[in-house]
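All remarks here apply to the structure that follows.
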Amino acid sequence: MRNDNREHNQLRTIEIIPNYITHPEGSVLITVGNTKVICNASIEDRVPPFMRGQGKGWITAEYSMLPRATTQRNIRESTKGKVSGRTMEIQRLIGRALRSVVDLEKIGERTVWVDCDVIQADGGTRTASITGAFVAVVLAFGELLKNKAIKEMPVTDYLAAISVGILKEGIEILDLNYEEDSEADVDMNIVMTGSGEFVEIQGTGEEATFGLNQLKMMLKLASEGLEKIIEVQKEAIGALSERIGETKK
Amino acid sequence: MRNDNREHNQLRTIEIIPNYITHPEGSVLITVGNTKVICNASIEDRVPPFMRGQGKGWITAEYSMLPRATTQRNIRESTKGKVSGRTMEIQRLIGRALRSVVDLEKIGERTVWVDCDVIQADGGTRTASITGAFVAVVLAFGELLKNKAIKEMPVTDYLAAISVGILKEGIEILDLNYEEDSEADVDMNIVMTGSGEFVEIQGTGEEATFGLNQLKMMLKLASEGLEKIIEVQKEAIGALSERIGETKK
Amino acid sequence: MRNDNREHNQLRTIEIIPNYITHPEGSVLITVGNTKVICNASIEDRVPPFMRGQGKGWITAEYSMLPRATTQRNIRESTKGKVSGRTMEIQRLIGRALRSVVDLEKIGERTVWVDCDVIQADGGTRTASITGAFVAVVLAFGELLKNKAIKEMPVTDYLAAISVGILKEGIEILDLNYEEDSEADVDMNIVMTGSGEFVEIQGTGEEATFGLNQLKMMLKLASEGLEKIIEVQKEAIGALSERIGETKK
Amino acid sequence: MRNDNREHNQLRTIEIIPNYITHPEGSVLITVGNTKVICNASIEDRVPPFMRGQGKGWITAEYSMLPRATTQRNIRESTKGKVSGRTMEIQRLIGRALRSVVDLEKIGERTVWVDCDVIQADGGTRTASITGAFVAVVLAFGELLKNKAIKEMPVTDYLAAISVGILKEGIEILDLNYEEDSEADVDMNIVMTGSGEFVEIQGTGEEATFGLNQLKMMLKLASEGLEKIIEVQKEAIGALSERIGETKK
Amino acid sequence: MRNDNREHNQLRTIEIIPNYITHPEGSVLITVGNTKVICNASIEDRVPPFMRGQGKGWITAEYSMLPRATTQRNIRESTKGKVSGRTMEIQRLIGRALRSVVDLEKIGERTVWVDCDVIQADGGTRTASITGAFVAVVLAFGELLKNKAIKEMPVTDYLAAISVGILKEGIEILDLNYEEDSEADVDMNIVMTGSGEFVEIQGTGEEATFGLNQLKMMLKLASEGLEKIIEVQKEAIGALSERIGETKK
Amino acid sequence: MRNDNREHNQLRTIEIIPNYITHPEGSVLITVGNTKVICNASIEDRVPPFMRGQGKGWITAEYSMLPRATTQRNIRESTKGKVSGRTMEIQRLIGRALRSVVDLEKIGERTVWVDCDVIQADGGTRTASITGAFVAVVLAFGELLKNKAIKEMPVTDYLAAISVGILKEGIEILDLNYEEDSEADVDMNIVMTGSGEFVEIQGTGEEATFGLNQLKMMLKLASEGLEKIIEVQKEAIGALSERIGETKK
């Protein structure tokens, strides 16, 4: 039995509120259990220096937690004067994942800045960030379409992420909350597309190792969970959801 | 006529949602017009080195904006690796203001960390932060009272803040929104207590100067506005509001 | 009775030595009691990026203390690798104050860098910096006039600053020295023009609050003190003093 | 055909020179094709603050490249004043992987500092670092055994790492060199133990996605390659290799 | 002929004003031609961590220039957030030189912080700093003697520094000003004791090289110049000068 | 008798392996006793901003130690986020020394980046770096000559460096190892050209001072030692050695 009475293959409640903040081109508040992340997508009409002159766009992400998103208050990274390794790892992951389902040639020399700010944390903040950021990015492209700045929706497929893991007792579970995550032997984050292809697999067993069968079981749990998550994304995206996939890679 | 049709002495709509985030001892979301700030108060059971051994507590504040709280995206201070002068000025102001109505001897060797995170900005973020932070701090002390960690509510009086200014045409106005703030000749932030005493006056006329009569007019506007704001604080604080002032300085 | 036998409305001795350092376009050593600040104004023939192409100039200030300007040695900010919040607050104040009496359009695309370096501190270093910096800036513009780089003195009025405060006993005093400043309940810095208009009011009562009548009394003290200070500035400026105000805002 | 004429399942030549540098407790130079990494393991007789008093040890890793390890010279991270996200990601991975096969309770309150310095890079620097670091750590523990500072070899199993990927043409390959890595659609790093269990799987398809069958194929390639690599480790470790596994987790 | 009409072996005018700043235990303003440096010596009653428990003291120095000490304004090192290589080199030199004539055992577990702040620069700022710092340190020890914190003057000998160089024409000169320094082929700084022993020799010929005879000629010039400088130090030190050398190394 | 049985005027064994690393234009591994330094020279086809448009090139050096090059592990400078004063001093010295024997006009608007990375340290790392870097730079220019990017070898003379010192007993010695260096009274680094001219003399007696005769004795030791070192350089340079000096300054 899990600490919040869920089945081993049961997701927590997911809610995605579109257009959460006024100023960004795309903005959502995603809630996964007690994890809450504001995902904003901002369009800038130029690309970073290393991309200039190629006629292509770029997507980059930043991730942060409010100091008291967690049980214990964390020191603000701006106060420390540097971004932690964990933060860097997460923001590189978010950016890379989003770029895998966007045809950068279709967005012209623009940068999409994705900001994922965790206001409350209870495990799975990086996967909630990816899932929410995908919706924010689609909404931002919706603005570009409305203003005729681009002609096609440049998003080739859905994209969502979830965690899976193995509890000490050897049971594979889906969507770990903070307490489960702290105690699990193995922790794996899976990013998949709407058509069920893998985008990222990051599995680690710091205190433990895992075998091929356990890996397969975790991939199955993730795959089934992600299908349901994508349904929630579709609803938040609304009419624009029909245009996803009109661009093929 | 003001750009949002308010009277010169009219506040924007203010709402304070108590217990907004789960983990902090005190937490509110304050909304002033389109400005939204999450104010969290965290209790730490020790004081900074320069305060140790005095049997007194400390209150310190940090202030930050989400990168896209504003019309244009700002670079994250953690990415820049340093906190701007503006941010430092604001967080020093918030901490100083809160300390003026708290009897630090009554809280023992504890630090109250106040985090004001602006998620949407439309002018007056520093005054909204003070107004919201006051409520968060009272709620956090409420937790200490409940756990019998302290015996008296250490808050000596209400505390709230508002901006006033002078438009180019020479008209004094209350509670400037972003557009007004950008265009005003004079901008002044006033922090007051529930008994109408000044805690901070910060007035500046970068492009202009102002005379004594204008100053008096602005102080009057602020004073009247702050009375109304304190009513909103009382409601958010609820039953605990009766205990404010039980400690005298 | 004050600790140095002054009357409550008595300034400390002020001396301004013009042309103190050789290289800067404008340079003074200002002495206020035991506080000594070197104020240098340097002219650079370009403006910061955010000002380019507007045909206007800019004035910016930096403030620093020698490590042993104070009773206890302070760690050098260059060694710490960052500028403190207090320093940032002061240098922002100095720059803002100076810009309020200079017509930036008249100086063309030039930057005036004002450096205020406190070599000995005994309270009132930020107000002494403003008072001294004003003279250094006028001298620097004098050089530009002499070289015919500008045609008019771009300074619209005199500018000086002083502190006022309220002692624990409730007595308002003018021009606090370090010991008074440490013990005062309320500390306020006033920046005014030669015509008696306010440029900045920054009043704070960390341990205490203050009422409207106390505020008025402090403003009166400041106003009378600043008149005398401006006389000292005039003498230091010499012949150029006649040209102040030839530009109107 | 691969650019260096290898079969799709063929490793590059691997050489591990033990005791490469004099001062460290454990030191190797590992060469994988044209990639060369110095891996040093240093024993410090204390643990970081967050581990104190638990009677356990800690293993942490740092990774760096000489500026001209690569075709183009990179700016030194010490000169930039900060460590890049990529570096942080890699050093976190190395430390985590090593900790999975060491019984930290057996090493007492000691820290093992692992330094992986790439002196020449041609792809696979992070996996070569893990493979080499494992040997350096075993050698360092050998020193502790020799000095009777510990009684048992605390290493529970072998540990090695390799990359696999999918070329644009859809062919899965083992041990990518730099050119292959730049062009591959999918890049995956696998860390495994001597008994064939997974420790880390990090797979990413920035430009592409991959299906379950492709994943299985890559895991198989990695698994077969790692068996051969562990043979090379055994030889470098020499007599000590018999003691690996005497501690069980 | 030199650009300021001096003979090749002629020093610029040197003046040392003792007790220049109020707060430091020792303080001088040294003027060498147009170079002006404030040298303050502060006594702290503890030593840095690496010296603790040895019963010995430490002397360390910091060096800085006001931004407009030079013809062109330099960016403040506190603003840049890091200290330049040149500054580090100079402050290491000053500290090392002073330690060579102080018996650190005689000062107990105290640190002498020496701050050399150049307020006006015209060449030779590092040598003027050493010459002035020596006097400031002696004055600070004088305070310790007066307060009976130490029993003996711990200074074993006089210490002063000067520059020598070789002009493009091949002429060796003493005490280079800024213009000479910029044009000289060889630049050498010599630190010597009162008994004519070398403490530091730092000679460099970036654009040129120099032979043994030229070296000897420069050492002779320096030696004669330093004798005169030590006379100026003696006068500034006054009565305390008799106690220098009462401690032997 | 020296701790490694050398005569007072005896060098340690020196070996220079040319073309040590593949990617740099010039690369050597220099071994001096137990000190090992990788010296890489990289050619960049542009100069730093302050040199642009002058038609001249630039040579700059960076120096670093692997954390465990020394007996005790040092914290990585990239982790500390800043380069130490010692490192800065050394890299400024290396760059300056190399520039003294290169005609920068002959290399066009190119920068030579010299990286000296100490992989094992036993005293004399800075002098070994200079000696090795000289060879790496010559090899890099050899590449430019081969590609006809330059016409003449721009190196005007040989350049090598060595340390000399005075042991506590008053004996002058050549080429100090780490233990000798820690105990010596006086430590001096000498950089000379092939024709026996001085380029740099840096002598310091932190705990002691030294007289003119001792200085002369040390210069003689250095001079004789450097002649032998240059023979080793010649061998490593091979055929290119004939072209050194074809450019005269």
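Residue numbering begins at 1 within each chain, and the chains themselves are lettered A, B, C, D, E and F in the order written.
In the analysis below, a residue touches a chain if its C-beta (ideal position, glycine included) is under 8 Å from a C-beta of that chain, and two chains touch if they have at least 3 such contacts.
Composition by chain, UniProt nomenclature: A, B, C, D, E, F = Ribonuclease PH.
The structure presented is a predicted model; accordingly, all values stated were derived computationally and were not measured.
The chains touching chain D (Ribonuclease PH) as well as chain E (Ribonuclease PH) are F. More than half of the contact pairs at B-C come back, by residue number, in A-D, the repeat among D-F, A-D or A-B. The two sequence copies chain D (Ribonuclease PH) and chain F (Ribonuclease PH) touch through a face in which the numbers common to both exceed half of the numbers used overall. The greatest centre-to-centre gap from chain E (Ribonuclease PH), using C-alpha centroids, is found for A. When the CA atoms of chain B (Ribonuclease PH) are superposed on chain D (Ribonuclease PH), the rotation angle comes to 120 degrees (nearest 5).
Centre-to-centre, using mean CA coordinates, chain A (Ribonuclease PH) is 60 Å away from chain E (Ribonuclease PH). Averaging C-alpha coordinates per chain places the centre of chain E (Ribonuclease PH) 28 Å away from that of chain F (Ribonuclease PH). Computed from the mean C-alpha positions, the centre of chain A (Ribonuclease PH) lies at a distance of 51 Å from the centre of chain F (Ribonuclease PH). Among the residues of chain D (Ribonuclease PH), those in touch with two or more other chains are 81-82. If touching chains are joined by edges, the resulting network of the protein chains shown is one closed cycle, each chain touching exactly two neighbours. Following neighbours round the ring, chain E (Ribonuclease PH) first and chain F (Ribonuclease PH) right after, the list reads E, F, D, A, B, C.
Contact residues on chain F (Ribonuclease PH) toward chain E (Ribonuclease PH) in their complex (touch as defined above): 82-86, 88-89, 91-92, 96, 99-100, 188, 193, 196-212, 215, 219, 249. The touching residues of chain F (Ribonuclease PH), when paired with chain D (Ribonuclease PH) in their complex, are 21-24, 27, 34, 38, 40, 42, 44, 62, 64, 66-71, 73, 76-83, 87, 113, 115, 117, 119-120.
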